[in-house]
Structures are given as C-alpha cells and as structure tokens.
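Shared chain: chain A. Partners: chain B in the first complex, chain C in the second.
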Partner chain A sequence: MTLTERLGAFFVWIVAIAAAVFLLTPLVVTVLVSFGSSAVFTLPPPSLSMRWYQRLMTLRGLAPALVTSVQIAAFATLVSLVLGALAAIALARTRFPGRDGVVAFLTSPLMLPGLVLGIALLQGFRFIGLIDVWTSLLIAHVVITIPYAVRTLYSALGLFDFTLLDAARTLGCSPAEAIVKVLLPNLAPAFITSAIFAFLASMDNYAVSIFFTNAWTKTLPIQMLTFAEEQPDPTIAAVSSLLIALVLVLLIVLERAIGLRRITEV
Partner chain B sequence: MKAGRPAFDPVLLLAAPALAYMAVVFALPVLVLILRSFGTPTGPSITAYVSFLSDGFNWRVIGNTLRIAALTSLLCLALGYPTAVALARSKGAVQALLLVAIILPLSVGVIVKAFAWQIVLRRDGVVAAFMVMTGIWDQPQLLLFTESGLVIGAANVFLPFMILPIYSVLKLVDPNLQDAAATLGAPPLYRFFKLALPMAMPGIISGTAIVFSLAASMYVIPTLLIGDRFQTLATLTARAFLLMRNEQLGSTTATVLLVLAVSIVMLSSWAVKAKGDSR
Partner chain C sequence: MSADALLLDVRGASKAFGSTTVLAGVDLGVHRGEFVSLLGPSGCGKTTLLRIVAGLLGADGGTVRLDGADITGVPTHKRGVGVVFQSYALFPHLSVADNVAFGLRAQRRPADGIKATVARFLDLVHLGALADRPVRGLSGGQQQRVAVARALAVAPKLLLLDEPFSALDRKLRETMQIDLRHILREVGITTVLVTHDQEEALVMSDRIAVMSKGAIEQLDTPEGIYTRPRTPFALGFVGHSIRIAGKAGQTTDGVLTVDTALGPLRAKGSYLPGSPVLLAVRPERVVVGAPPPDVPSNAVTAALTDIVFQGSKVHLHFAAADVTLLVETNRIPPGLSPGATASLSWGLADTMLFPGETA
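Coming up: the complex of A and B.
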C-alpha cells in the first residue's frame, strides 16, 4: 500500500467511527437520562434510579397510545405487504413501456413531505365525511408503508429466477404449492426487511398522524410530544429506552437468523 | 392484433389493487390540494401565489428551507460517503456492528432524538464541552436554537438515508477494479476521482435527493431545535393549517414545497440517467 492509500483508508475509518458515534449519541443520551434521578434533563445524571420506569406504569394515556400505534402499524404493514407483493410480482413478471414510471409512482410517497400528504388526506376524508380516527389513520398509514413494501419486494423479485417455479411444477407441485414452497421462502428476507422498515415508518410517523388524531385517540409519537409539552421529565426517555432495547433484541435475532447484511439489500 | 404490440398479460392485473389504492388515496387528494391553492370564490386564479411571492418574509422562508436542506445534505454526504466505503470494505463482526449503528437509530422516534439533541447542544452540553476542551472555542456557546444546531440534529436523523443507498451501490462494484487500475499504473488520487467516485455517483445522487427532500419537509426537528422564530415552508404549512386555520395559505405553501421536492427528485433521477448514458 502506498502512503496515500494508507492515509485514505485511515481517513475512511476515522470518519466511519465518528459517524457511528454521532448516530448513537441521541440513543446513549436517552438511555442515560432515563436512568438518572434528576427530573430535569442533566448529563451526567447525579445518581442512578429507576423512578422513571416506575412512573411509566402510572402514566395515563401511554398504554392506549402504544396500543393504537402498534395496531395501526401492524395492520398498515400487513395491508401494504399484500398490496405491495401483488404489485411487485406483476411488475417484475411483465415488461411494458412506462414500467419504471409505475414503480416510481408507487414509491413516490417516500419523497413527498409528510405534512403535504396529511393535509391532502385530511381534506379528502372531510369531503367523503370520514371522521373515525382509527380508520383515517389506517388508510393514511397504508400510503406511508406501501413504498417500503414495493421498493424492497420489487428489487428482490428482480433477482428471483421465475423458471424455478416451472421446475417445481415439473417435479409435481401444484401452482399454489410451487408459490408456497419455492417463491415465499426465497422472498422471506425481503418480506422481513420491508416489514421492519414499514412498521418503523408507521410507528414513528408524526407529520401525517397529527391531522387525524384527537384528544381521545392518539398515536405514540403524538402522545409523547404531548407529555413532553405538558411535563417534560425523563419518562419519555424511559419509553424510548425500552423501544431501543426491543429493536436491539430484534436486530440480534435477525443477525443470527438471516444476517443483517441481507436486510440492507434493497 | 398487430405484431410488436404485446398481448395484455393477465399477471398485470395483480398490480391493480395497489395502483387503485394509490390513485384514490394518494394521487387524487394531492392533486385536489394543488388545485385548491388556485381556487378563489370568483374562480381559478394565481392571486394566492402572487401575494405569497410578493412578500419578502416568504422569500426568506423559502431561503431558510433550501439553505437548511442543502447544509444538512452536505453534512450527511461528508459523513455518509466514507462510512459507506468503510461498510463495503468491512466484513463479519465489524460490519455487523456498523450496520447496527446505522439501523438501530431508525428505531428511535424523531421526537426523542430531538430531545436528546436539546440536551447535547445546550451551553453546558457535551458538544460545547468538547469544543472548549479541544480549544476550538474560548468559552461554551449555545448551539441549541441556532441554525448550526438544527443542521447537526437534522443530519443525525437523516444520515442512515444517505449511507444505505451509497452502500448498496458500492456493494455491486467489483473490488478487483481498483487493483486492476493500480496494476495499470493509475495513482491513488486519479483512481479515486476517475474510478471510485464516478462508480458511487448513482448512490450519492439518490442519497442526496432523499436527504434533501426529507430535510426540506421536516417539521418536528425545527420545532424542537430552533423554535418558532425560524420558519421553513414545512413549519409555515403546519402553522397555517393547525394554528392559523388559513387553508389557502397552507395549500399554497404545501404546493411550493411539493414543487421544490419533486423538482429535486426529478433533477437527480435525470442526473443518474445522464451519468449512466455517458458511460
């Protein structure tokens, strides 16, 4: 290796480590604050305590918001995976002019400012007289999650060899069996990947949900912001620390099961 | 049926539910929103835009939006490109750790991240302490409620969306190409500018487009990190609808934001295409 190359490699690793530290900073801060005894956000915490975790149990509105968010995210992910998988199969199996345009259309909500989408949908729902919070949220969140499903499944299907299905048929499988035994196992990582991204995008959504929630039905991000505005104390840090732990466990399981590298293959 | 015109493939019908859903629930409402900004009691007109654009305050808002989005994209690119290179070069446990560092932050909501940055960016926060320790600053300064603080917080939230597209392109590049070029006598800097960088360009362009449009339309981060006196198109849109109940103004700012975001995305996809054709 020449000196320039070594300098280059050194620079790359320094920046990568700095980026990793930068990315993890808010997570470390959140966890530290959640275990601190102080009611104001101070770092380092004066002493360790579990009081914010105990307070979680008594906090009104948190559990219903969490349940609403998980329900909406789960249903939206399910619906968008079904719609997205069907569309991805259709688009990967056929060639026609404008196919790229159709893919771009189905993934375009990713690029659209969330607020614009929220306002547009609010006016649309008002026009047809839809006022139910839960239904409005679900319909809106499917729009948010479909791009993740289409993008990942479409690129995974692009790499799938469809003649394998014919081979399975020749070997005596029925069409349904061929799909269940050959296509689905091959697409499992893509389904898991798009499900994770779709679920997280829905759980974290604020900009669209804000237009459809009311005082009685709130999603988790909106409830958290309400808590933060009413009485800023580390309880929201405790909520987030629990979520961080949950996702960390999920990532470790995924690394063991399919390898994290495959998750990013989108 | 004429030759060259392919028969309709029934497999295409599988796309119908998704397309119908997106046409009705996504495209139609957005189209109506755009049309509403032209609507007045007396018929279609562009008065809303004329009055919006004739106000100097609104030009500052557009300037704020573009400046913050551009600075955030630049910071993300400066950190993201080397990180993507490191990710593509690493293997095994190191790569898994880097990937966790990139994916795990996606699990933390943007509101909580903004709160964490509020703590870090305070006058007695970690960043100020670090800057004084290294001698860059003489005394602790407040980064919270400044544009620098906003850019730092935004770049932190959007960095994964820069790293992952660049990484997905770098992964496809044959590592032997670098060795081949070196064997043929190309010096390192020449190899970087003529080989590595052009190859990564589709990823860089798509990552920048994503981060730019996310940063141009962010709402929670500026609200919590800089406050009301700094307005962007997104915060102004939210104010118009949620606080001022001025739907005409909100539709107008939303449309301006939409046009900006769409033109950035179209410019970048055009740039990727032009790049591909010139190869």
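Coming up: the complex of A and C.
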C-alpha cells in the first residue's frame, strides 16, 4: 500500500465513522431517554426505569392510532405492490413513446416535498368529493409507497429472463400460472424488499397524512406529535424506541430471508 | 407421401412485423418420428416459424396442424409442443429434478408417477446424480440436458429445438449433437431444429429446410441438399462450391454450352441463348489434371494461389480470370506449388446449373 492509498483509506474510514455517529446518535439518545426515570429529556438519565413503557399502556389514543397506521400501511403496501408490479411489467416489457416519462412520473412522489403532495391530493379529493378519512389516507399512502414498488420491481424485471415464462407455457402452464409459478418466486426478493420499504415509508409518513387526519382518525406519527405538544415527556421516546425495534426486527428478517446485500443491490 | 403421415403440417404461415415481412407463406410438413432442421442465416424467419408452431407467436395467416388437429388458435399450454430454448430457460429457483418435474406438476399428474418419470428422464440424459443440485452451478452441456429432459418429460407430440448448441464450445458441440440424436431416437420423438450452423443440420437431420428471406428454398435430405441444391442460396449456404457466372449458348442433346470467362463450359439443362446462368461444382468433385477421356467433362486452366493443409483434407485455391476455384483433395499433389498453372477438370454430371443474376 502506498502512502496515498493509506491516507485515502484512513480518510474514508473517518468519514464513514462520522456518518454513522451522526446518523445513530439521535436514535441512541431516544432509546436512552426512554429508559430513564426523568420526566424531562435529561442525559445521562438519573436512573433506569420502565415507567414510560408502562405509561404507554394507559395512554389514550395511542392504540387506535397504531391500528390505523398499521392498517393503512398494510393496505397501501398491498395495493402498491399489485399496481407497481403491473406497471413495472408493462414498462420492462414494452417500448412506447414517453416510457421514461411514465417511470419518472410513478417515482416522482419520492422527490416531491410531502407538503406539496399533501395539498395537491387534498385539493384533488375535495374536487371529486372524497371526504372519507380512511379512504383518503389509503389513496394518499398508495401514492407515497408506489415509487418504492415500481423502482425496485422495475429494476428486478430488467434482469428477469422472460423466456422462462415461454418455457413454463410450453410445459403446460397458462399465462397466469406461468406468472405465479415462475415470475413471482424469482422476484420474491424484490417483492419483499419493496414491501418493507413501502410499509416503513407509510408508517413513518407525517407530511402527507396531516392533511387527511381528523380528531377521530389519526395515524401514529400524528398522534405522537399531538402527545409531544400536549405533554412532552419520554413516553414519545418509548414509542420511538419501539418503532426502532420494529425496523431492526424487519431488517433482521430481511437479512435472514434474502441477505442485506441483495436489498441494497435492487 | 400421404398427407395423414404428417405429424406437423404448416400451410401458408405468414408473419410481418410492421412493414417487414418475416415469413412469406411457408409450407412445412414433418413426418412422424422425423428430424427436420430449419437452416438459414439470422433473419430468415426460422425462429419466427418455430415460435408460431409453439404458439408463442400468432401468425398473420396460415394454419398449423399437429397430429391431424388444427392447432392454429390453440394456446401454447394446450398444444403438446415441447421447446428447448437457446438460453435453455431453466428455472433458477428450482433444482434439477424440480425443473424436470415442473411440467408434470403443471399438468397435475399424480405425485408418485412424477417421481418415477423425473428419475427416468434424468437417467436418459445421464444426470441422475445431479438431481438435487441447483441449476445455477451446472455447465452449459449439463444445462442443455436438463432442458431436454424437462421438455421430454411431459411427453410432447413434437419437440422444437431453438439453436440448442450455440452456447456450447465447438468440441463439446459435436459430441452433444450425436448424444442428443441418440436420445431423441430412443424416445422416438418428432423434432424440428432451428439452426444457422450447416454442419449441425447435416449431422442431425433426416431432412433439412434451407430458409432464406422468409421462405423455404429447399426441403430435402442432407445429401439431396448438398448434391442437388435447387437454388444458388442453398448451394452457397451448405458446403463449399466453385461458382462460375456465364451466358447461355446453344443446347444440344440436353447439354447447354455456357460462355464463361474461363472459356466454354457445358452443363445439363436448357436456357434461352444469351440469358445469364451460374455454373457450380463441389470442390471435391474437381480433379487436378486432364479429364478421363471417356467421361464427358469440363476442363479449365488455372493458377494455384494457396495450399491449405487441413489434416484429413487439403484445400487448393486456384484463380483464373477473376474466378476463385477451390479444389479439395486428400493429399498435396506432388510437384505442384503456388504460382504453377494446372489443368482442372470435373464431370459433366457434377456440373450444376442455375439461373444467373441479371446484371
């Protein structure tokens, strides 16, 4: 190794460690605070306690918000996967003018500020007379999550050999059976990856959801912010810590099922 | 030949992509148990014809009959036509045995029968030992055999092979061709092979359909195509040849005299005097030296330009008046070296005559 290479490697390591510290510190602080006994955010916590986790059980509004969020996230993910897969197949299999434009359009919610998206959707829903909270939230979250499905499935389909479907058909599968028996198993990693990203994006969304919730139906991030405004104590930290735990569990499941390397590839 | 002996009967198959005609009304009849090759350069429509027979592509016109039944509108999965694809198209998420079992399961055969059938076909292609292996790690030759076993396991009426050897290296190719021929004979299945490789077609086929520009130029036995090509394209695509362009002269007793740059030559046939014709002869039919006196022959004088030694045979390249003459012998003629002039002759019976291109 030459001196320049050593310096380079050293520099890369410094940047990597700094980035990790920068990204992880807020999470570590949140988890530490949630296990502290202090009623305000003090570091280090004076003593360890489970009181904020116990308080979660009695906190009004938390359970319904959690249920709403999980429901919306699950349904939005499902709808996005089906629509996204169909769109990705069409985009990967056919050439038509404006194809790149359609890809850009379907992935654009990733790049638009949430507030812009939220206002636009709100205006749109008003215009067509849609006032039901649950339906509005679901449609809005499909818009938020579909880029994850389209992007991941589109790139996975780019690597898929469609002759496999022909082969399945010559062996006695109808076109639909061929898709179920050959395309789906081969794209399973892409489906799992996009499902997890879509689910988390939906669970985490605040900026768009804020336009569609009301006093009775709230998603988890919005309910948490309400708590933080009304009563800023580490209960919020406890909820956050549980969400972090959920993400960690999902990542571990992913790693076991298909390997993290393949997730970052697609 | 009676029409009911045909297992596959394609009539007037046509297909165009946009304004490009890929198949211009092709007829193809394949007899039960026969091995027929569709041979032609890329873009001649051979793969399109194969996909139409498999039902993977809809024809614009024409009918496809299989075993007496009209299958023109029948979807692929109900046709009973097996295909070995160029890329083999093995299912990467399944093991070798599960690949072979795939079609049997798709057709909902009883489970205990599936196991026995899979074992039988894996043994047939000598892959019994690899049954539980994933297909990803297999060599090209092994993958091809899995693809063959998978296609045969569902007992199709007809097997289609789409350039199945193109992914294999040359040495392996020859042994695989002969092995595959044995396997298919053992099963007794009617087969159509698509290939651009004339040697492959010659090695494997009972009959060869030489295709060009969306049409079958000639459908004949390998020997028939080689010794009696019906068109200049068939002549040029299968084997080497010497070609001499000329103008038709007089016909006497069914023998035409042709004026060429190498002097007057003769061939059996008849053309209007003055029309352009093409004379051809296979390189191994030409002898160096004077023609035997009692056999009607053609003779020309040409200069030797190259000697190419190829082991079992020798190629002698001659030139005369802008015509290249390739002669194939089994040994280098003594006393002949590049630059020397020699007399070349070949029998009148070996002289092929085609209509020439109007210049």
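Note that in this section the second predicted complex is superposed on the first by the 262 of 266 C-alpha atoms of A that agree within 3 Å, B and C clash if a C-alpha of one lies under 4 Å from a C-alpha of the other, contacts with A are read in each partner's own complex, and residues count from 1 in each chain.
The working rule: a contact is a pair of C-beta atoms (placed from the backbone, for glycine too) under 8 Å apart; a residue touches a chain by one contact, two chains touch by 3 or more.
Small disclaimer: the values here were computed from a predicted structure and weren't measured.
Participant: So, A:220: does it touch chain B (first), chain C (second), both, or neither?
Facilitator: first
Participant: Touching A:110, do we find chain B (first), chain C (second), both, or neither?
Facilitator: After superposition on chain A, A:110 lies in contact with chain B alone.
Participant: So, does A:159 touch the first partner chain B, the second partner chain C, both, or neither?
Facilitator: neither
Participant: Check whether A:168 is in contact with chain B, with chain C, with both or with neither, and answer first, second, both or neither.
Facilitator: The answer is second: A:168 touches chain C but not chain B.
Participant: Name the contact category of A:91: first (chain B only), second (chain C only), both, or neither.
Facilitator: first
Participant: If we overlay the two complexes on their shared chain A, which of chain B and chain C does A:257 touch? Say first, second, both or neither.
Facilitator: After superposition on chain A, A:257 lies in contact with neither partner.
Participant: Spot which of chain B and chain C makes contact with more residues of chain A, would you?
Facilitator: After superposing on chain A, more of chain A is contacted by B.
Participant: What is the contact status of A:131 with respect to chain B (first) and chain C (second): first, second, both, or neither?
Facilitator: Neither: A:131 stays clear of chain B and chain C.
Participant: Which positions of chain A sit in both the chain B and the chain C interface?
Facilitator: Looking at chain A, the two contact sets are disjoint.
Participant: Show me the residue ranges of chain C that touch chain A in the complex, using the header's touch definition.
Facilitator: 54-56, 75-77, 79, 81-83, 85, 87, 89-93, 102-103, 106-107, 150-151, 154, 156
Participant: Can you list the chain A residues touching chain B in their complex?
Facilitator: Spelled out, the residues of chain A in touch with chain B are 2, 4-5, 8, 11-13, 15-16, 18-20, 22-27, 29-30, 33, 41-43, 83-84, 86-87, 89-91, 93-96, 102, 104-106, 108-117, 119-124, 139-140, 142-143, 146, 150, 197, 200, 203-204, 206-207, 210-211, 220-221, 224-225, 228, 236-237, 239-240, 243-244, 246-248, 251, 255, 260-261, 263-266.
Participant: State the interface residues of chain A toward chain C in the complex, per the touch definition above.
Facilitator: 161, 163-164, 166-175, 177, 181-182, 185-186
Participant: If we count contacts the way the header does, which residues on chain B are in touch with chain A in the complex?
Facilitator: Touch list, chain B to chain A: 6, 9, 11-15, 17-19, 21-22, 25-30, 32-33, 36, 78-80, 82-83, 85-87, 89, 95-113, 115-120, 125-126, 156, 159-160, 163-164, 167-168, 187-189, 192, 209-210, 213, 216-217, 219-220, 234, 237-238, 241-242, 250-251, 254, 257-258, 261-262, 265, 269.
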